[in-house]
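Both complexes below contain chain A, partnered by chain B and then by chain C.
Now for the complex of A and B:
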């Protein structure tokens, strides 16, 4: 039970959100879907003076921002925006023949739920990896209807799968505050276990993804059973040069990005598997350890999920050609 | 709790899969659970618990808490001890040759586990009580603690109870025969160790109590989510120093229990005391993290088994160390007893020797849990049988068949003294293997193995002694039911057994329907109220249909006999020429009939006319005592506390991923024999639940603690129960071997599955990984544990 009184705001737009955050005295927390924050407050792990609820701020939805422009759109790194994305939405873009023009940016509003990702047909073409991630979220309709992609990113639980998926996709996180909006690359956003580059007074407004140009990324998730948090995840995005960009999740405090050689002799090739083990092991300085699985186990299975994600990516690519 | 059941006319109710009487209420959210009860002026209690596993309490500072908004009372252990005595044990260890320790509702002097209640706060709302509880400051002097049972047996181990010479609450030997000689003469001798991790029962509804003390007439009314209202009344009378007759216990609908809600918990006495001290109704609802403290099992077995070349098992020796945690007044400490006495299960092993140490440690107490120790016996026995098969290069199915008690040798007295009533174990094996298509499956396994995939098949037999009776205790082998018919033919059944959610109320209504000859829809079953129901013993040990059903049948027959006398007069035929069915009393000769309500009205309103010389009471209270219980020790000192022995054979098919250690359940078959089935839907529901509980223990469930003894698996994301997606369709096959010792030939049902499923999965995983040569030595077989097994086999 939450034993301490707190001020509650549910602003009607992003401007109201950042205003409420900047005006907050004491500890302010941002409420997305609440699947983590509410239990943490109930258990006294998080004690807040101010709760700013995003549910009425209109930050939900998947849209395509134009195309042809730079991926990070009009917002400069760590800079202040021209205001175009301040509401977290941009004009819907073109989706022709199930394909997206190169260079477009897919904008996933911060409060887009897993259920939204699954029910919105545009996610098939605009955010196929997030769709796969959302489809594998257990906990029933309650969690899928309330839990958000943005919330999972901001909670930065090493054991959840959204952070690594965003890193794999080269996502940029749009952080709004009273001072303006800045973008942070996913690779820089996750700074530690349950820690991000989001500053006090900032709210995640949206996640910008480069519009997909190739086949669906490969994906693998390992859990101990259906109840379990992910123990190791891998998302594989084949690059245009044939190199394989693999983001490993849940194996370390923050997502781990490695680049693998393509398996010329197939994924069963022992030499290539040894290469994967070597690369992953070298990158995995300090494996994550928790009640469910220790670091040794995670180190052991990290290359296994990497191999499986690559195999999955190659299979997806084959399906497309 | 009061329920009414509906059913079809003209159909014999016993044996029908009648739907649960409370199904509609549950499905539409109208089931009334403990937290739904509210009395005017109810206050809310929160328990302050020890943060340390072992410490002397130096000081409890309640000033800040007492000054917190809404707080009515903050109670410390010292103050509680001035008003309430020790809680009497459900099963007194000293009466079983063990050691006694006083357990109070709040700790005094020292705490012996992290989570032990040290203080309580009562406030106007739960929120105020929680806020105040956080302000109670307890100063401790830390003492060395011990969490592992083997370590607790060491000479210099920290001592939980200073008056004891060691940390052993019970040490005993079981079994007969010359094990050493038999092992010396055996062709194959296998010794190994098995560790069974601590799990919990995790019912969907945690515990909860609402107590209301009436200061004017000095009476106490307690609503609770519990299993044993009459025993609790006695227990509260003892701990609170009240007359039993001043206490009324009312059992709310129970949202699952699995033994957890058998009485003996400190909060039972505590909540009543808080009501008495505040003069207001006080409610306490356990939160999920508190509920996770309750341990269900934790044992280490060091065993040796000997067999002859032909597969005959000649001897079993087992040294069991059970970690019962701190002492509780609940029955949990006694479970390992049954782990020893249930050896060697349903096999004709002439020489069995089990040595048991039940050890206290600074973990939270074990609480009674489905399986009640029998589960661990089967897990270990079935692992032993598989190791014999492996050692002999024999088929595990055939080694079991070779050693089963033959169907013509019942009743069969085992080496530990159990007198098994009846059974056809080879029949179960045949059924299970047929459903599995065993030979084809073995071929498929070989094909997959050649392709680098690891399919495994595991078998396990399980024997479930049920409906226990413990002489001189409240573990009673009989129960009592009242059947009462109103003037209009309505029937209310008041029974001493309770339903923890399994639906025995529906089964009892079915029995009364058949025995009384009235439709199910006329029958209401009342359970769990000490003021309304006859003195009985509630729910445990698969007893409810055996003794609740048996006593209901006897009482219904008495009422029917009276209806028959008066009804026969109304039809003007001899009394032996009428029968009662479907709510009518019928002449067997010409078929003329009269409605039962008219007969009932005649008994009760024409007592000086047609019902003259008939005692005008349409009500009977009867007790039912099944046969086969024998407390006179035999020449070897063995007693026989169980009337019935349900049995079943499990077959698990798994596929193991040797790269990740993940085990996927591919198929699960259970051939089950609980004698005559009163309601197959209820039996199957119980079996599914018990199997899944066993599958969880086998693969994923484990309570974990940090080095300081604090629980780290206190939510469903850290204590991993199976979900639907983890489970195959469970295929159940029934076999009916009637018990000669019960009313209908029925045997207890509801516990079978916990041990057998664990064993079948463990055997299947070992079988799947046979190419690596692994030996399973512990559960749960979580993916990291499975990889460790493969590593161990590789480096050997």
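Now for the complex of A and C:
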């Protein structure tokens, strides 16, 4: 039972959302899928005067913005591309050889649920890493049906998967308020445990990802048991220069981005593994500690998940070549 | 107070709720169907599972006002008064529950899985029920029950949806 009542608004578009937020008196909160916010209100961890529900605002869907420029309008609810598909691409965002051309931007609406990512075939080519993340989120189909990518980003729980995935991909978060919109790089968005650069009165409208140009990124996570939240995650996105961009999640308060040399002699090579340990250990100033695992444990497993993500990325690349 | 309209198990209902009322409490107290259980109220246990417009949700994590205009299916809606749905029958025959606290959520989740995937392997079953906690059975008999329901439903040629 939520003990304190509040005013409830479910605006029909993004404009209505930012207007409701700016007009709110008292504490206003944004309701995404509610999987975290509603229980937090039940348990008195969040107390609100106004709740602005995004579920009718048409902010869900995965689209390809061919031009690569900023996309300010609300994202089409049906997820269908808004017509700006650049030359040579088929409607689902692929070029003829099955890869998306350089320079495009994939726009993921903030209220896109994990279930939407999994059921939308375009996510295979446009957001393969988010697709893998979505498939592994626990809590059952009930949570995957309601939980949103944007909600996970805004909640910024260190032990969750979306934040590090967004950092690995070099995502940009599009924040809207009555004063206008701005974009924040994922690397700057996550400022601490349960803390982000989002200001009061701002809503996350969409997440812009560079359209994938290479094979599916590598992904791995370590968890206690089937229904557990992750203790450590790693996503590996190989760069065009061969360097490996690896974002570690759940090991520190905010996602940890490291760049690793490619394993010339294979991922089992002890010298390369020593390099991974050294780079990860140096980057991990203060490991995250919670009920799932303490900081010492996370420090020990961080390089292990990094190695697994690289191995996985190399395997994905082989599978596609 | 907010007046909302729901279609619960096929019957239209109009109720008045405060904005802060959880869907699970509205279903139990205002609609009067107490088969949906309240467990953790954190979104972990799945005892409060209902279908909203065909998709399973944990009704402790949804505000009743959010469901305005929606179709809700609760455990009371999976079979007629004097019958058991094949999934219920399989849980009965395979000892898929003991105290029964988790059961309404477990059955709705199992049925949703079989509607979507009539012949799930064990990995798919585990993935589907990883948001439904059972403190009695240790899950072995639940996996058996779901496999049994799938086999029987395939043999009778009835898709899950029509069997209800």
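Here, the second predicted complex is superposed on the first by the 290 of 321 C-alpha atoms of A that agree within 3 Å, B and C clash if a C-alpha of one lies under 4 Å from a C-alpha of the other, contacts with A are read in each partner's own complex, and residues count from 1 in each chain.
The rule we apply is simple: a contact is a pair of C-beta atoms (placed from the backbone, for glycine too) under 8 Å apart; a residue touches a chain by one contact, two chains touch by 3 or more.
Predicted model only: the values in this text are computed from it and were never measured.
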Between chain B and chain C, whom does A:165 touch in the aligned arrangement: first, second, both, or neither?
neither
In the overlay, answer first, second, both or neither for which of chain B and chain C A:244 touches.
neither
Using the superposition on chain A described above, determine whether A:314 touches chain B (first), chain C (second), both, or neither.
neither
Check the residue A:227 against both partner chains and state whether it touches chain B (first), chain C (second), both, or neither.
both
Between chain B and chain C, more residues of chain A are touched by C
Once the shared chain is lined up, is A:138 touching chain B (first), chain C (second), both, or neither of them?
both
Check the residue A:44 against both partner chains and state whether it touches chain B (first), chain C (second), both, or neither.
first
Quick one: classify A:301 as touching chain B (first), chain C (second), both or neither.
first
With both complexes overlaid on chain A, does A:4 touch chain B (first), chain C (second), both or neither?
both
Should A:293 be classified as contacting the first partner (chain B), the second (chain C), both, or neither?
first
Kindly list the residues of chain A that each of chain B and chain C touches, one partner per complex.
1-4, 43, 138, 226-227
Touching chain B in the complex: which residues of chain A?
1-4, 43-44, 138, 222, 224-229, 231, 291-294, 296-297, 300-301, 304
Under the touch definition given earlier, write down the residues of chain B that touch chain A in their complex.
126-127, 130-131, 134, 289, 659-662, 699-700, 704, 712-713, 716-718, 720-726, 782-784, 787
Mind pulling up the chain A residues that touch chain C in the complex?
1-8, 10, 31, 34-36, 38-39, 41-43, 51, 53, 55, 115, 138-143, 145-146, 226-227
Under the stated contact criterion, what part of chain C meets chain A in this complex?
2, 18-22, 25, 41-44, 46, 49, 55-58, 60-63, 65-66, 109, 112-113, 126, 128-133
